[in-house]
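Both complexes below contain subunit A, partnered by subunit B and then by subunit C.
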Partner chain A sequence: MSYARVSSHDKIVFYSLVPPTLFVVLILMTLFLTQLYHSIPIFDVQGLLNTYTVNRWYPTQSPPELWKEPHYGLLPTIWGTIYVSGIAVLLALPLSISLAVFIEELLPRRFRGYMSSLVDLMAGTPTILFGLWGLSFLGPLLKEFFMEPAHEGLGFLPIFSCTPLSGTSILTAGVMLAVMIIPFMVAVIQESYKAIPVTYKEAAWSLGLTRFEYVRLNLSMIVPAIVSAVLLGLGRASSETAAVALVVGNIYALSFCMFSPTHTLTSIIAANFGEVEMYPYMRNALFAGGLFLLTFGMIINAMGIVLLRRIRF
Partner chain B sequence: MSKRESKKTYFLRAKMSSIDSRLILGGALVLLVLIGAGIFLLSQPGGSTTTTPVRSPTPTATPTAPATTPTPIITPTPGLTPTPTAAPTTPAASPTPTVLAGGREVKILAAGATFLFPQMDTWAKEFRNKYRNIIIEYSSIGSGAGQARFLEKVVDIGATDPPLTPANLARAKQDPRGVIQMPVVIGAVTIVYNLPMVEGKLKLDGRIIALIYRGEIEKWNDPRIAALNPGAKLPDAPIVAVRRSDASGTTNIFTMFLFKSSEGAWERERVGVQPSWPIDQVAPARARAGRGNEGVAEIVRNTLYSIGYVEYTQAQVARLAMAQVKNAAGRFMDPTPETMMAAAAGAFRFFPANPDDDFNSAWESVVFAPGENSYPITSFSFLLFYKVYPKDKAEVIKEFIRWINTEGQSVMAPGYIPIPEEIRRYNLRWIELIREG
Partner chain C sequence: MVSRKLVDRIFTVSVTLLALVAVLPIFHIIYYITIKGLPVVLEGGVNFFTQIPPSPIRVNELGGIAPAIAGTLFMTAVATVIAVPIAVLASVFSAEYPNHNLTKIVRATSRSLLEVPTIVIGIVVFALLVMPFGRFTAIAGAVALAIVMIPYVYTYTELALLSVPRTYIEAAYGIGMKRAQVIYMVTMGVARRGIVRGITIAIAKAMGETAPLLFTAFGARNMIFGGPLEPSDAITLMIYVFIQSPFEHWHRIAWGAAFLLLVLYLTLFLISRRLVGEVRV
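So, the complex of A and B:
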């Protein structure tokens, strides 16, 4: 909308929208500044780089003058976050594309609404329910029917090398998160798929394409949407807390094996914040984790949004 | 898409799907209202409108006593001198006031250890049944936060599993309001395991548990475990060591036990509410952590060949197998209320002379305390009181302390163990330290 067309009445309406917008921006800024402000003490004590690159978590009540080496390294939790959400996105992507195409192309029209509503319902389900499901159903199931056979048959691969001992593991968390982010990814992909102009689709049909070729052509038109769905899914998966804390095992360890437990940035914050006052500087270390998560999430989401804007028909 | 879709049907479909989602939304709304109404109706019988019978042994006051009766206020528990050899007064004999604070509504804020929450909740309800105008609100925020809020003086009662840390105690003592630390419930940690093939109870000692949690004992059929359990069918399977992911008083007691009983296998600096665990570096695949006692119990239940430690209450609720643990006298003890009370009674002699002395060494002595019949992983949870309260609150706090150490000890929440007689008497002595101001 160009300003030439804005009347004086409209101006009042538009100016009235400025404070709420500023308010939201302000809140976001304070969110960021809070994390930064509370992180700085730990950076002072053990260094910014050490905080993010050291594989050592040793809560201590002794003052920092006596620290011989950094006590609060976040590296395994950063790795855990990336590993778990990576698995989630890799699994969720083919499933989401399939589901979106299925709803749009194959499902009889009268069922589409129901199916979409069902997917929306999944998105709105409290995440802790997924956590409980992951802990008492998905975990034992995966252990019995995937982890153990995979370890026996393909144990030479580093990702399957450790003996699966429990249902709570990196893999379980990844699969559970995949299920949780599918609705969001489907929504993004489906919306773009729907937005492909009918004329394009008609043209495709008139060329005499098979259904497979037709779908592939359509999908090729919404690649940016698919990439942005991946990024949004990644953002969501890395920020999930309660459900992940239930199934990820919560062990402070850096492991490449999928059957091993780990901590994510969110789960280590959730696990430790309750009694943080018992240990000086642990609080600041957790805020440093929050700062990383916030920055990471902002970058991922920004990339997703920028890519989504690039779709123009 | 078999047919080509015209623009018209395209929009129609969009409209249809929005109607469907509206239907579902409406349905969900109706469901929520129904659930809300159900919860409301269910909460009514147990709510504040009806009075449940007081289970205390001496029902001295009628719960529905009108607030207007101008009964003179009697100081509770007279005749107790603050010397350790004070003559015991039987709880039933002490006169109790029927109206506190002249019938004015008094709200007492308490906050701290999650372990104490069910017990404090029970006490608050029973106390309210006795004195209708007293409301005790407990927020379950954790021991560390409980100590911090107490020092900040934003609560009336603090609650914590370990006693005040030396630094916190120094701060509290400098304050003109002072501090009284009072052990009120026994907390015991049980070793639970998932070994369906083992008949009878598994026997373990501190050193073996420490080595399991270090990652050094890898399998159940390790000769060191077998030596304690002759004849048990121990599987040739890796041990999964389950622990708390959140910082917890339970972990504090457990690691203190490991430190004291393991003959050097567990370092002093690995004792705490959230210590560093050596197994993370050695064999992370054999370690797991769950949030809260429930989380640990759930993982142990779902994981074959696992071992974990949970609060006694939770082990009972979860119906998990509990190991017999070797005590300081060399006997393998079942976790039962009797063995825990025996441990608590045996620990009494370590208590300091004053309630604002450092309890830390006493608390450490309680874990793995001597005594033939003591369950070794036993400890206390503390309430923290000030010595000075505003007028009405002082009166209420005095009566509350008297009550929880007498009648209150017979209204324990399920699974909670009352403190032994000598500790109740010890606690009752501090009532007269509390004054108005």
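So, the complex of A and C:
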């Protein structure tokens, strides 16, 4: 504030708006500090590193003095989150780039508004509906037409090595999440694509490029936005809870096979938090999972924003 | 030269196909939920909206989802009442003092809040509002939903306020209006459709959330609504619990509830589409 003269009325306006604004900031700090506060007991008992690197989950009522080894390791859930979100982003990226290019370059102008509305519609759809669809339609479909044939034909590959027991699996969660994150990734890519100056585009056309060459050139100018879309997609995929918990199988297992069920950081919280009263330190371990998600989500988010700022025309 | 044209043709076809694959699922989800859910709602009729769900052993009863509807309405309404004033005032601050440090901080905060996993919001509200009182409450659920809503309302309102033409604001100051009058009568007046649009989008978001309610409102289905200080059901929560149950007739109720949720969401979406975000001059 560097106004030469600030009237008392203006001061009142200013100071009356500060509390709600600070409150919004406080919410984020509260989320972070509360998680940290409730995570500390489990770090004290079994060590911070162990909590995130041990492959072992034995809820126990025995006091921690009697623990011979760490009881609450989050490693398989971290791996599960990475695996599931990785599949989601790998599938969603080509689809998102294509959809963004399709809307901007191939679709007749008068239909663009409808297509963008459709993307917004996808982005806001209650996630439980995706979960319901993933559980009753997508899972069985993938099992019959992809998982079983792939296991029989290519079962020697580690990622296809386990027998698909049901439609709920790492793969199902990954494919469902791909569908869910597409609209967010499209929005980021499309916005940057639109921002390419017309003069650049006209210059590209004037070289006599084919549409393919022209689009490839344009995309090469917004690589940071595409990376940013990947990061945003990873963030969205790793933080989704209810839909994932319905299709990921909810079994504590570290697996490289994508037909196996697993737990993610979010699904283990959803599945176990209701029982924390029985196991004294399980609540703290689950908060430690939330803390991990929140911290990494923010790092990924910050990286995405920094990348987007690097695009300058 | 032929090969360049061929590559271009292949490119056009594959981009079109991939774009169709990207949007196909949402159509199928809408179709699938409608064919599974609509017959259930039709079979239940009015009772589907006014009765409580049957116990698992009464396999021949369909019952209704009244507790879920009441809980969703109550918690979304309370969350809106909590979130809107905070988020709108914060966005007024950002729009009025765009270069202030607090504006930069609150913008970054809001962007981060949009990305916070909603289950994290749920367990933090559990730690702060459920643990100390020893009970799950509808109010705790509403607070969790309010935290979900705040960054949406903030983002859309700020966008709407910043799009108000400077000339309107200068004209208002020119006729001697004070700052508060300009903000509340001119800027917000001109931007009101954009603000309402942001609120509508936030309500749609809150209504569709499951994770923040799991350990705050928790769910209660033996009566329609127990009050703000009792556990409460929600449509999403009910779908989540019922579809994972082993009971066939509970699955059907979950599909009926999903269809209702879909209709509510599509309605709010259409409303938000009709409200233009930016001011047109």
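Note that the second predicted complex is superposed on the first by the 292 of 313 C-alpha atoms of A that agree within 3 Å, B and C clash if a C-alpha of one lies under 4 Å from a C-alpha of the other, contacts with A are read in each partner's own complex, and residues count from 1 in each chain.
In this text, a residue touches a chain if its C-beta (ideal position, glycine included) is under 8 Å from a C-beta of that chain, and two chains touch if they have at least 3 such contacts.
Worth saying up front: this structure is predicted, and the values here are computed from it rather than measured.
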After the overlay on subunit A, what do you see for subunit B versus subunit C, clash or fit? clash
Between subunit B (first) and subunit C (second), which does A:L154 come into contact with in this model arrangement: first, second, both, or neither? neither
Determine, under the contact definition given at the top, whether A:L286 touches first (subunit B), second (subunit C), both, or neither. second
Could you say whether A:F23 touches subunit B, subunit C, both of them, or neither, answering first, second, both or neither? second
In the superposed arrangement, does A:L121 touch subunit B (first), subunit C (second), both or neither? both
Is A:L90 in contact with subunit B, with subunit C, with both, or with neither (first, second, both, neither)? neither
With the two structures laid over each other on chain A, which partner does A:L49 touch: subunit B (first), subunit C (second), both, or neither? neither
Is A:A203 contacted by the first partner subunit B, the second partner subunit C, both or neither? neither
Which of subunit B and subunit C A:C162 touches, first, second, both or neither: first
Which partner reaches more residues of subunit A (counting touched residues only), subunit B or subunit C: C
Looking at A:L135 after the superposition, I want to know if it touches subunit B, subunit C, both of them or none. Which is it: first, second, both, neither? both
For subunit B, which of the listed stretches 4-12, 22-30 or 382-390 runs into subunit C? 22-30
Common interface positions of subunit A, toward subunit B and toward subunit C: 117, 120-121, 135-136, 245-246, 270, 274
State the interface residues of subunit C toward subunit A in the complex, per the touch definition above. 4-5, 7-8, 11-12, 14-16, 18-19, 21-23, 25-26, 28-29, 32-33, 36, 85-87, 89-90, 92-94, 96-97, 100, 102-103, 105-106, 109-113, 115-121, 123-124, 126-128, 147, 150-151, 154, 178-180, 183, 201, 204-205, 207-211, 214-215, 236, 239-240, 243-244, 254-255, 258, 261-262, 265-266, 269, 273
Which subunit A residues qualify as touching subunit B in the complex? 57-61, 104-105, 109-110, 112-114, 116-117, 120-121, 135-136, 139-140, 162-163, 165-168, 198, 201-202, 205, 245-246, 249-253, 255, 257, 259-262, 267, 270-272, 274-279, 282
Hey, which residues of subunit B end up touching subunit A in the complex? 1, 4-7, 9-10, 13, 16-21, 24, 141-145, 147-148, 165, 238, 240, 245-248, 269, 272-277, 280-281, 284-291, 295, 298-299, 302-303, 305-306
Can you list the residues on subunit A that touch subunit C in the complex? 1, 9-10, 12-14, 17-18, 20-25, 27-28, 30-31, 34-35, 38, 94-96, 98-99, 101-103, 106, 115, 117-122, 124-133, 135-137, 179, 182, 186, 210-213, 215, 235-236, 238-242, 245-246, 266, 269-270, 273-274, 286-287, 290, 293-294, 297-298, 301, 305
